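What follows is a pair of complexes built around subunit A, which joins subunit B in one and subunit C in the other.
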Partner chain A sequence: MTKTKWVGMDVTRIDAKDKVRGALKYMSDLSLPNMIHGAVLRSKHPHALIKKIDTKRAKELDGVVTVLTHEDVPGLNGFGIAIPDQPVLCGDKVRYMGDAVALVGAESKETAERALELIEVEYEPLPLVSDPEQAMLESSPLVHETGNIHNHVKIERGDVEAAFKEAHVVVENTYSTPRQMHAFLEPESGVATIDEDKNITIWCGGQHPYRDQLQVARALGMNPRKIRIVNTPAGGAFGGKDEITLQIYLALLVLHTGRPAKIVISREESVVAGMKRHPMKIYMKTAASADGTILANQARVVSDTGAYASLGGPVIGFAIEHSCGAYRVENVDLEGFCVYTNNCVAGAFRGFGANQVTFAVETQLDMIAEKLGMGKLDIRKKNALRKGDIAALGHKMEASVGLMRTLEAAENSRLWQIREELKAKPSAPHKKRGIGIACAFQGCGLGKGLPDYGAATIELLPNGQFAIGISCPEIGQGNTTAFVQIAADYIKCSIDDIVMLSGDTGHTLDSGTSTASRSIYTGGNALKLAAENLHDAISTVAAEILSVPGNDIDIRYESAVSKSCPEKTVSFKTIAEFVKKKGKTIKSEGHFLWPVSETELEGYVGIPHLLYSYITQIALVEVNTLTGETEVVEAVSVPDPGKAINPQGVEGQSEGGVVMGMGYALTEDTIIEEGITLTRNFSTYILPTSLDMPHKIDTIIAEELEPSGPFGAKGIGEAVCVPISPAITNAIYDAVGVWMKQIPATAERVYTALKNKEVS
Partner chain B sequence: MKKVEPEHKKLITFTVNGDDVEVEISSSDRLIDVLRNKLELTGTKEGCGIGECGACTVLMDGKPVNSCLVPAFQVEGSEIETVEGLDKSGKLHPLQEAFVEHTAIQCGFCTPGMLMSALALLRENPKPTREEVARAISGNLCRCTGYQQIIEAIEDAATKLKALE
Partner chain C sequence: MTFGFIRPGTIREAIEFLSEHKDNSRIVAGATDVMVQMRSAKPAEEKPLWLVDITSIPKLSYVNLENGIVRIGAMTTHRDVARSAVIHDVAPFLADACLSVGSPQIRTRGTIGGNIVNASPAADSLPPLTALSARLRLISRKGSRDVALEEFFKGPYKTIIEPDEILEEVYFQAPEQSSCCAFLKLGRRESLAIARLSVAVLLDVDESGKISKASIAPGACLPMPGRITPAEEALTGKTPDEETVNLAAQEVGAEMIRVSGVRWSTEYKKPVACALTKRAIWKALGVDED
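Up next is the complex of A and B:
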């Protein structure tokens, strides 16, 4: 493996100092001279026809600059990553409570909000559908005229029925999962400007500036080149800022008024209007032989995407791809439906459909192990995917597979080794302890059939430093620090000599999204190619300076050296000065196209994947048998990210993922009844606090180097929050003997399950 | 045309990070509005607006408060400390240094509030247990880190501050 100076080191985050000083300007911190303040009027009904919109009174209010409706959207009145089915401003119909009906720009935020109250909208309420299974029925109200089933996936291999007959053990269950909220701490916010030539700049936290640019351009009917999007920094995203949030509203305000504009929405508006994780109902039937070999898996998954598609289509595909877990299964019958309802829109969220099905399949596996009297870790080892295996969709695991490595490290962890000792010591007699383990894999990148590409730029600055540009935004995950480390090792310079440009269509080429555990692999590989091109350009100049042939140059740390005459060297700094004197620049680009799986699944895009990250997680829980409350006492997280570019950063991802997955397992759910969101803020949406987190989270990084990755790296941002949820529910079973098939496993649900167990 | 009554304005004086300030406020202003919009101290963040997330934590007469819940008129005569005051000397505060070293920061939006809660803790209790640290920041939500690196950073800062004495 290539020797590295920076990669693999705990390098300090490049944004750390500005963040601890409170000096970093988030989008909500920006103010522009003469700016107006925007506010969005959301729907009053979850499903209704709009008969009339009267903005007269609002427009007459002192301080109101503009009031815009669907008639003021110059281009396509729609947005959506997969299909633009969500109106920018609704004209004829609203389909959920977050739908936007009008947009106000005013001299102050207070005036804008007051004006919203003066807009008169006449609605004709329609029957609504809030249950996705009901939405699939012919008799259901239609959310979209095209039908309520947005996407259907069906994959069959082998013969599941025959396997069910032959099997030693068959388990069959129905699971349901909650509408988890991203709960990024910074609500959606942004500012925008427009110049005399109608060039628009939008600063708004997001996850793919070039796609934002496309979506804004489409809605405005403008050339995308006239729109600059800045997405970095975002105060958290987790997939929840992947879709358009406020970008188009900001653009409309500046376009119609010619003045800068700012919108900051409240937490309540963010909750009602923003994306969530898809709630899923999962029916699963799994068969195994007497030795624990999984013989067959049948799954039927219904996913509630709410009123609009966003990435609901790809999410159900991803769920199906991951529905057999990270295991070999020869006979599968897997079917998924992505269904429209009048609920809040669901879209991308860390894990992208894997969380829901992993909860189901990892519970199934524990039930099988229980019936066979087999160890929970042993059954996973028995079935774990290895390189060269055929996975559930019939695709070969062609890239690195680190699952066994994570299982072995988990087995050797302190928590696993002394689990019986720890289980025997609950903190009170009415509390019971249990241990749970679960595994997951997580497709990296956008998958087969979707263009997955990324570019990077490197420029030698006049002072000898290097500016590197990658558009995958910094959303908190730390990719900019990792890019600096990767770039410094490829360029062969100090990290202190790298200037990072991130998430800005004005200063970076399109590197794709900060999603899908893809930015390190994409950006790193693009940087590698850019550094090779940079070295060619540096070599040419160095040869001129040293008066040697161009092919006689070797690039060493911070300098170029003559191969034939090693005492002839010239530093990058001198090269930079030389180039500057000549009035030239050295700038290189790297363009990287993702490799894809050889397997093609006809009719589907986004599945299967070629690369996966792998992970095993363990939870020790303590269940209060009097209240049903579950506490996670300790957790072990063993991710395989490929090469850990910044181990401390991977630990941070891992710990954050454990706690997010713990919230998913135990407390978090955005409750919507009859289309009305009831949990609108953190008073009723229960996020884990510092007192709820495990007393100890041990992260053991199990690197299985991926030869096609930058220094062997893949991605790890998502997998870290996936198997911990079933590890916790499996631990609840181990503690008190009840299987939790519905999460969150709240105190009430566990208590009820305990009572029902007593009765039966 | 709707008639809007003029807002009641009032001049208040207080100190921010040791400096005297005089600000004209309206009756609906909250402390966070005064800090962010009038004094341009945008280090203090708003995450929920109802005192649940703690991103807006500042110290008021030494006690941590959610500045989104404090009406501005109540601030008259008090001493306010914000994240911008921590490195006023030009050098990072040991807490800030520890957050940097431990990567107790991801998106960073909760960081200023976390630091202020931690500062209040260490002033009152220079040798906190891990449990006490966790309790002191339990009103500050963090969605990125899972808290462990933050707790370790605060413990480390406590040790370093003790050594300085």
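Up next is the complex of A and C:
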């Protein structure tokens, strides 16, 4: 492997100082001279026909600049990453409480909000459907004319029924998972401006500026080139800003008023209108032989995508791909439904459908081990995918597979080694301790059949520094710091000489999304190609300066050297000055196209994947038998990110992921009843606080280098929050002997399970 | 909605203003609840609402002990109550309760007076204050009056305070040196947690080891603060043993159902209230299992 100077080192985040000083301006901190303030009128009903919208009184209010409805959307009145089924502004029907009906622009935020009250909308309420399984019935009210089943996936291999007959042990259960909230610190917010030639610039937290650009252009009926999108910096996203949030509203306001505009929505509005994780109901039947070999897995998954599709279709495909865990299973019967309801829209969320099914399959595996009297770690080693194996969808694991490496490191971890000793010492007699382990894999990239590409630019600046551009936004994950490290090692310069441009269609080429654990792999590979082109250009100039042939130049650290006459060298800085004097520039581009799996699943896109990150996580819990409360005392997280570009960045991802997965397992759920959100802010939506975090989280990075990745890197942003949830519920079983098949495993649920166990 | 904001520097200034604007004033005693309510307030009210911030009145922030009476100024923050040497000495369970409020930010803004007058059934300071048989001093331009804490509440978020009155102080007789106490709270998480259940226990144990006086006040399971007399009677005159303590704890669960009825959460809350009370009694007696 190439020797590196920066990659693999702990590097302080490039945005750290500004963030801790409060100097960094997030989207909600921006303001523009003469700007108006926008506010969105949301629906009053979860499902209703709109009979009439009267904006007269609102328009008359002093300080109101504009009131816009569906009639004011010049282009397509719809958005959606997969299909544009969500109206920008509803004209004839509302399908959930977050639906937008009108948009106000006013001199102040208060006036805008007051104007919302004056808009008169006449609704005719319709019967609603809130349960996805009921939504699948013929008799159900229709959320969309096209039917309530948005996507259906069915994959069969081998013969599950025969395997169930032969098997030594079969376990069959139904699981359900909550509607987790992204809970990014910065609610959806942004500003926009328009110039005299109707060029629009929008600053709004997002995860793919070029796709935002297309969606805005489509809704405005404008040439995308006239729209510039800036997505960096976003105050957190986790998938919740992958879809359009406010970009189109900002564009409409500036288009109709000619003035700059700003919208910042409240937490309560964000909770009602914003994306969530898909709640899923998972039926699963798994068979194993006496030695613990998994023989068959049958799964039927129903996913609630709410009122609109967004990425619900791909999420159910991804869930099915990951529904057998990171294991070899020869006989599978896997079926998934993505269903519309009148609930809050569900879309992309860190893990992308893997979290739900991993909870199910990792619990199944523990139950099988329990029945066989087998070790929980042993059964995972027995079935773990290795390079060259055939995975559940029938696709060959052609790329690096680090699962065994993560299992071995987990086994050697302090927590696993002294687990019996730690379990024996609960902090009180009414508390019981248990340990749980779980594994996961996580497809990186968009998967087979979807265009997945990325570009990077490098420019030698007149002062000898290099400006690098990658459009994958910085959403807090730290990709910009990793890009700087990768770029410095490919260019062969100091990280201090890199100027990073991120997430801006005006200054970066399209590098795709900051999602799908893909940005480091994509941006890094594009940088590699761009650096090669840069070196060619530098060599040409260096040869001219040193009066040697072009092919005689070797690029060394911060300089170009003559191969034949090594005393002849010229620094990058001198080259930059030379180029500047000649009135020229050195700029290069790198365009990278993702490799894909050879397996094609007819009729499906986005599955299977070629690359996966792998992970094993362990949790030590303490369950209070008097109250049912569960505390995660310690956790170990062993990710395989390929090469860890910035190990402390991987640790940060890992610790944050553990806590996010812990919230998913124990407390977090956006509760919606009859279309109405009951958990409207953070006093009732229970996120873990710093005091709820495990006292200790050990991250052990188990690198299995990926030959196709930049310096061997893959991705790790998502896998880190996945297996910790079943590791925690498996630990609850180990502590008190109850299987939690519904998460979050709240105090009541654990307490009730304990009582039921006593009775039986 | 338009708000007027005034920050009086003295009690007199505050009560003068209130007597003038009693129909459209709202007292700000830390703003940790008022701010939340304002954000969801419906606009287009005819009269502007005056927010009267009394947190800057220096004479409303103190903790002192004189002649066996502990007096806490209404605008003393949770943080200051939790850090008070007097409280740690005479009623440490009140310090524990104030330390369990919200987060450091909320404890630094929120006041004990605000907690009392807001009258949330889940208010953290109320169970220990109830167990201490605290009294309140209210003041208006017309004069001042004293009421027992238990008589102050009419229901959840409802009290007998008049619109022109402010709470000046809360005071209580310092418990005997021989007394012991405990406060326990069950929330949905470790911090920023609204109490789902809480209990304050204050006991006096005589030289023979018998409980001579018992005071038990749960939180978040009754519509308003109150003591559980049957539970207290179960303990009084007894040497605490497993059976006695269990019996007292059962009374708390029974009272909860008698007052609030059986709800969806009862199946969980009743046994957990008993378990919490049991642990609180043992904790007060020096057997801390946590």
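What we mean here is this: the second predicted complex is superposed on the first by the 760 of 760 C-alpha atoms of A that agree within 3 Å, B and C clash if a C-alpha of one lies under 4 Å from a C-alpha of the other, contacts with A are read in each partner's own complex, and residues count from 1 in each chain.
Everything that follows uses one rule, which is that a residue touches a chain if its C-beta (ideal position, glycine included) is under 8 Å from a C-beta of that chain, and two chains touch if they have at least 3 such contacts.
Everything numeric here is computed off the predicted structure, so don't read it as measured data.
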{"item": "First (subunit B), second (subunit C), both or neither touched by A:Glu186", "value": "first"}
{"item": "Which of subunit B and subunit C A:Asn223 touches, first, second, both or neither", "value": "neither"}
{"item": "Subunit C versus subunit B, contacts on subunit A by residue", "value": "B"}
{"item": "First, second, both or neither for A:Arg114, with subunit B first and subunit C second", "value": "both"}
{"item": "Which superposed partner A:Ser683 touches (first subunit B, second subunit C, both, neither)", "value": "both"}
{"item": "First (subunit B), second (subunit C), both or neither touched by A:Ser427", "value": "second"}
{"item": "Touched partner set for A:Asn412, first subunit B, second subunit C, both or neither", "value": "neither"}
{"item": "Contacts of A:Asn756 with subunit B and subunit C, given as first, second, both or neither", "value": "neither"}
{"item": "First, second, both or neither for A:Leu691, with subunit B first and subunit C second", "value": "both"}
{"item": "Which of subunit B and subunit C A:Arg21 touches, first, second, both or neither", "value": "first"}
{"item": "Doubly contacted subunit A residues - partners subunit C and subunit B", "value": "110, 114, 266, 268, 682-683, 687, 689-691"}
{"item": "Residue numbers on subunit C that touch subunit A, as the complex places them", "value": "1, 39-40, 42-44, 103, 186, 188-192, 194, 265, 267-268, 271-272, 275-276, 279, 289-290"}
{"item": "Subunit A to subunit C touching residues, read off their complex", "value": "110, 113-114, 117, 266, 268, 427-430, 626-629, 667, 682-683, 686-692, 746-748, 751-752"}
{"item": "Footprint of subunit A on subunit B - complex, ascending", "value": "1-2, 4, 28, 36, 41-50, 52-53, 55, 82-84, 86-87, 92, 96, 99-103, 105-112, 115, 130, 133-135, 137-151"}
{"item": "Partner subunit B, residues of subunit A touching it in the complex", "value": "10, 12-13, 15-17, 19-26, 28-29, 57, 60-62, 110, 114, 118, 182-187, 233-238, 264, 266-268, 475-478, 648-649, 651-652, 655-660, 681-683, 687, 689-691, 693, 695-697"}
